[in-house]
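Next come two complexes, and both contain subunit A; in the first it sits with subunit B, in the second with subunit C.
== the complex of A and B ==
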């Protein structure tokens, strides 16, 4: 038990890396994902087709394959990424495909009458999106988006496998010194569960709050 | 592109590792979903039919597992539990245990909503012809529930199939481990991923198509 308590500072350092990875991934994935999500909903046939291939491709392979490919595979074609950068890039690619689907689902759930009404009062496409569709769609977008934030925090444990010292690898390092795996794993488990549970509980709360009747 | 020379010959030389790995991945996912479904079904029935006091425990079980990274659970079962229990098991056994528990936490939710979606009229009809609780469960509620839950179950199977890639971290010789073995021994990194990515994608797609046929056949309109 003493080992578990003395390991906490190391774990907190790791946790801060986990949080950094998560925030960066969520930020980039949200920006890129929302833009591509608008394109897949309103874009031409070919744009839709290309984005659809991207999302289906990324969601069809294990994240681990993506992470290893970016970290070990890219150098072979001349792109040498630092392990932290590689982790963020790989997870961002993965998460973007989810955000695209969330965005598409949120926009499509808005009744087409809203779009027509906005057209009839003479708003151009950009204004229709910004003033009519987005404010409505954000209620549908937010709950799955928060879920995917929680999912990112969970999934970021995989970056430990390419040597990023996140919470997971910090735990492994502590265990390497103390040879007492169980207490450390339990502390780590509690940290992960607390973060993810609070996020998914928020998501559920928002979902019931924003339900249209 | 820099001056990288593609050379697939090493991959084909060790291709049997990848094929065997792929089969093991499918097998691990299948065993895990079966065990997970049994645990999940029992817990879902307890959750729905037997009072309040169990709901809390099952809720904690579900939240605990769904909110922790699978990687951590794998380490915990493989390194953590034997260290305090004083016994050992093979990495494959430990992975199957982990993935089954992980699957059960997701399937409880699927079964719970499936069981509540069984039409009340059907249960009343079963009562009317004199079936007792157990008979109603076995002959009416569970079969109907499975037909309702089938689409979610096939999604779960595919995501478990992808999750088996994590077994490589404890040296279970599945597809990802085969890929890494080739990487470390021949350094043909891009070629390996160029081969296993289509394997994951293709197999996932084929399973999806097959399961969609099955779903169509057994579809019920709720």
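== the complex of A and C ==
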């Protein structure tokens, strides 16, 4: 019990790194993924093709391989990223491919008549997206997106394998000192569950907020 | 330049979907204030023609002009012309209203917001101006108590009247109505037709694709009968329904009568 309590400050430091990684990855993956998702839905066939190759390729790789590839592989092309940056880059690439698909699916779920009605009153493409398509698509987009955020929080534990002291590695370090794995793991598990529980609660709230019929 | 009194001029328009020719050398002119109904069997090309007029469907050949501006392309010269870009098309479409068979109201916006969207974001009116115009139109279509209702809270007839208000609030030069009562329960059709009739009396230039023959007869200046991608006849309502010299028109009209009973 004492070990568990004394380990908490270390775990909180690790937790803050986990949260930083998660927030950065979610932010970049969402911004890039939504933009590319719009391109894959409405772009020319070449653009669609290029993005499709990217998503199929990335989704066919285990995340851990992607993390190692960015951290150990990029230096070969002159990109020396420190482990935190490499972790964020690798997870962002991975998540982006999911957000692209979520975006495409959400947009395509909207009846084409909405686009036509928006055209018929003279809205240009950008305004059709902003005022008609996105507000409708967000309902379909949110549930998988929140899942994705939760996955990122959990999946970020893999970055401990390139030496980023996140919650996972912080736990390992404490255990390495105390040789009492169980209490530390229990505290760690509870933290992970709390993060993800609060995310799914947020998800349910958001979903009901955007329900209008 | 020669003065033209026609608001809309359609010349030699052709459209195919793959090998299927849907519009075959269509020529049609509509003057300001005219109401033209297009009738014909399904698959005759009437909805496609209507959709070409605001480029929801691209026409392959020929020319469609509104007030001497080519709608879908940068010029009428078919050898050099390019498709219009999104900005140009949007600006042209803002002057052509369209009402759809399945309404296509924006489900996340209230009735008032549906009508206001174009006024705010295309016409760039202030909120108070847009509110005033939109609520004025909703009152004219008999929905003064439904401003705050979402489309899902309205009946089909009410939704379609919002659809009409959304289109006419933009003060279009031309209004296109695509089978606007076909998806409605019979008892809701009349309330929508009444609104259209009022618009016609107020001088709105309209082209309507319709299966409501008695309404078409009542409200139109001309009735265009299409079959197989061609315009077969283009006459006033009386001639359309009472002269018997065109076999295809006769066949179509007698088929319609049989279906009604």
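Assume the second predicted complex is superposed on the first by the 201 of 213 C-alpha atoms of A that agree within 3 Å, B and C clash if a C-alpha of one lies under 4 Å from a C-alpha of the other, contacts with A are read in each partner's own complex, and residues count from 1 in each chain.
Please note the rule applied: a residue touches a chain if its C-beta (ideal position, glycine included) is under 8 Å from a C-beta of that chain, and two chains touch if they have at least 3 such contacts.
Quantities reported herein were computed from a predicted structural model and do not represent experimental measurements.
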Subunit B versus subunit C as contact partner of A:176, first or second or both or neither: neither
First, second, both or neither for A:120, with subunit B first and subunit C second: second
Subunit B versus subunit C as contact partner of A:62, first or second or both or neither: first
Residue contacts on subunit A - larger count, subunit B or subunit C: B
Which of subunit B and subunit C A:132 touches, first, second, both or neither: second
Touched partner set for A:189, first subunit B, second subunit C, both or neither: first
Shared contact residues on subunit A - subunit B and subunit C: none
Subunit A residues within the subunit C interface of the complex: 111, 113-114, 116-125, 127, 131-132, 135-136, 212-213
Residue ranges of subunit B in contact with subunit A within the complex: 1-2, 4, 63-64, 66-72, 75-76, 79-81, 83-84, 162-163, 165-166, 168-169, 176, 179-180, 183, 189-190, 193, 196-197, 200-201, 204-205
Residues on subunit A engaged by subunit B in the complex (per definition of touch): 57, 60-65, 68-69, 72-73, 76-78, 150, 154-158, 160-161, 168, 171-172, 175, 180-182, 185-186, 188-189, 192-193, 196-197, 200
Parts of subunit C lying in touch with subunit A, wherever the complex brings them together: 54, 56, 86-87, 89-91, 93-98, 100, 102, 104-108, 117-118, 121-122, 150-152, 166-167, 170
